[in-house]
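Report on the structure given below.
Letters are used for the chains, namely A, B and C, taken in the order the chains are written, and counting of residues starts over at 1 for each.
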Amino acid sequence: MSKPPPSLRVSELAYAYPDGTQALYGVDLTIGRGERVALLGPNGAGKTTLVMHLNGILTAGHGTVEVAGLPVRKDSLAEIRRRVGLVFQDPDDQLFMPTVREDVAFGPANLGVRGFELDLRVKEALQQVGLLEVIDRPPHHLSFGQRRRVAVATVLAMQPEIIVLDEPSSNLDPASRRELAEILRSLDVTVLMVTHDLPYALELCERSLILSGGVIAADGPTRDILADADLLAAHRLELPFGFAVTPQPH
Amino acid sequence: MHVPDGFFNAAVSLGAGAFAAAGLAVCLRGARRELDDRTAPMAGLVAAFIFAVQMLNFPVAAGTSGHLLGGTLAAVLVGPYTAVLCVAVVLLVQGFFFADGGLTALGINITIMAIVTAVVGWAVFRLITRAVPRSRAVIPVAAFVGAAVSVPVAALVFTLLFWIGGTAPIDVTSVALAMGGVHVLIGLGEGLITALTISSVLAVRPDLVYGARGLRAKLVLRTAGGGTTEVTGEPAAPSPARGLRPLLIGGALVTVLLAGVVSFYASSSPDGLERVAGDKGFNAGEQDHALGDSPLSDYGVKGVQDERLAVGIAGIAGVAITVAAGGAIFYAVRRRDRQGGLEGAHDGEKITA
Amino acid sequence: MGAGHTHQLYRPGDTVVHRLPPHCKLPAVAAFAVVVVATPREAFWAFGVYALLLAAVAAVARVPARFLLRRMVIEVPFVVFAVALPIIGLGERVEVLGLSLSAEGLWSAWNILAKATLGVVASILLAATTEPRAMLLGAQRLRLPQTLVQIAMFMLRYMDVILDEMRRMRVARESRGFTARDVRHLPVIAKSAGALFIRSYERGERVHLAMLSRGYTGSMPVIDDLRATARNWATAASLPAAALATAVLSWSVS
């Protein structure tokens, strides 16, 4: 029987910036189709660098990245960027077009989708994040929480294989935070979420990875990782005050 | 300074429009070389920055304040072509979206405030950075002089255009004098804030300053045998350098044209002040100041009535101050460089706060 | 010019003027401005006709006179210049209220004031009835260089974001007791400007990455396409056409 290839397979990925600073020292990870995985790690662990490799903005110094079986290479970039939807931390960076409609349409239009189908895709994506009513508004007139949800819609419209979110819960008020969690849970798509927000990881992701010092330092059920106080402390991660996690009964 | 409709007759307005359009076409191609597919987002953000920074009022003297034009600042930060585009887009947006500046005067506004300030500022900047050994300390000084010169030159181009096709009769010499004199002072402010802004960017992200390219330290390659070789950390940039030649020539041409026309006009009425100036020895200090070949140097002393004398002296004094202030900044920056990295780190902290 | 011109002029509405396609309105207003500038200054009555034409457009577009007047403040520096012209102007002098003024200067002042005012009002009417987005689409439709239109698009999108950053930096300065009073404070202002540049530039880089991530390959996809009917064109052309007729008349009369 032929199993579909995993959504994401990264092997032995190493990278140094042009100025010589090495950020990744051989990252290995595999994310199966439909999984929701949190990527945890302290500042400067190489999280952003890793994310930039997933859709070919940075190209590997060593090692490979495959998205649903397709290796990230110069000649596959267009398809890779369709398959990997990157949601940036600051929605103002992501929403650069004058109206929400044009912004959500930007991705699929670059793929050559036009006319009725484009319109349909835009509306579907906005429906999925519950913001169809703001379709003709300029992004800077939306609340921060709405902007982050529209940012998610902009990548959903590309019908990606995997969505990668950079700090999805940052700067959100509690209600927006919950709304976004509900949306992410409702999506039928692989999710990789880069975050410091450990409770959010626990709430949304059954599995977590810790990236520290440019390598994957831990990989396992989120509950087990968060229950291991020594492991967290070793990688400068901390649960919020008064928050305790008990390990999963095996 | 945004010229409204009605200042210039239709012929000059349309002529300047054609000139501005041609200039923008050249810059669009040049900017592609500077930024390639990043042109639209990068230039858009820089334009928004210029727009914002033009609102940053700074105190000049008791009670009065000025604001930045930003042509030279943009040219040194992002390169001359992109700079022209950015300032031009700011002007277009102000004209069409904010009704600031006449639509028929757009050509004039773009020519003067985008093309002339950026090109002249950049040309002066390049002349200085080429003439002296390259070092970090030179960049702000060269930017200061570039900006300080670009403002009065822009004012003179305005005067010249107004003389050709303005809707009011003016005595070109006296207006040029008054405009030049006042704008030498305004230029000092522009130069100062341009230089300070650039040196603050240099302290934190020197890699972002276009005018400081080629100053980066060389990379060292270590070989297994223990030997080392040096390579340049960035590809040598012959194409921008080559692309700049027409720009420099153009800048020089504008300067020469201005100097020629103004002095021709001035010498055609050789009464009054020239003799006065000669008698009183005003000519003495004129030969060797740094801007000797600029149009400014001549008309502080020619062809004006006695009551204009004060303005003339102000003009010469302005040039002297320019040079003195340039020297002072040079000295200050060099001293700061010598004080080393601690100061720089401190600066960075203040900026992010 | 100074601060205070950041408010978008657009006033949403649903009038004939609002509904006109932007690529018809833009050339119409530009042509009107050219005609006004080309009108001889002696033709007082022609300027009266132009003013009436603009008043009619304002009435149809339901743009109140008070709104127009408030926006015309932008002209003030040039009013000052125009007032100075009769005093510093050359040529024969005339006595007005005991002042000796240059006749030529008076003519020039009138010329500049009349034309600048008409131009500003026409521009305000254009901006007040055209959504910024539509204006950009119109420019694109008129075959202005793509890159230029896109730069303007990004500028408009991020203008408020950057002004906000600038405001926050000012608050941060002031809450630590700093206010710029004289030249000695320039370095602090310049540091803010430098920081603002770095933030803008880095945001530009991030926006570029966000674009690349969604398949940008160097050209923006054209999604909206504007259409204008012959009727639209005719409606838009009525303003410059009426102005041109007036101007032609004024040329032949004078």
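As a convention for this text, contacts are C-beta pairs under 8 Å (C-beta built on N, C-alpha and C of every residue); 3 or more make two chains touch, one makes a residue touch a chain.
Since the structure is predicted, the reported quantities are computational estimates derived from the model, not experimental observations.
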Far-end chain from subunit B, centres as C-alpha averages: A
Chain pair that, of all pairs, has the most C-beta pairs in contact: B-C
Inter-chain centre distance, subunit B versus subunit C - centres from mean C-alpha coordinates, in Å: 25
Distance from subunit C to subunit A - Cα centre to Cα centre, in angstrom: 43
Shared-contact residues (touching 2 or more other chains) in subunit A: 96
Per-residue overlap in subunit C, given as positions that touch at least 2 other chains: 132, 153-154, 156-158, 161, 203, 207, 211, 216-217
Per-residue overlap in subunit B, given as positions that touch at least 2 other chains: 41
Touching residues on subunit A, where the partner in the complex is subunit C: 52, 55, 57, 78, 81-82, 84-86, 88, 90, 92-94, 96-99, 102, 105-107, 109-111, 114, 118, 138-140, 154-155, 158
Complex interface listing, subunit C residues touching subunit A: 132-133, 136, 153-154, 156-158, 160-161, 203, 206-207, 209-217, 221, 223-224
Residue numbers on subunit C that touch subunit B, as the complex places them: 1-3, 5-6, 8-9, 26, 29-30, 33-34, 36-38, 41, 71, 74-75, 78, 85, 89-91, 104-105, 108-109, 111-116, 118-120, 122-124, 126-127, 132, 135, 145, 147-148, 150-159, 161-163, 166, 172, 180-183, 185-187, 189-198, 200-201, 203-205, 207-208, 211, 216-218, 220
Residue ranges of subunit B touching subunit C (in the complex, touch as defined): 1-2, 4-10, 13-14, 24-25, 28, 31-32, 36-49, 51-53, 55-62, 67-68, 77-78, 85-86, 88-90, 92-100, 102-105, 167-171, 192-193, 196-201, 203-205, 208, 347, 350-353
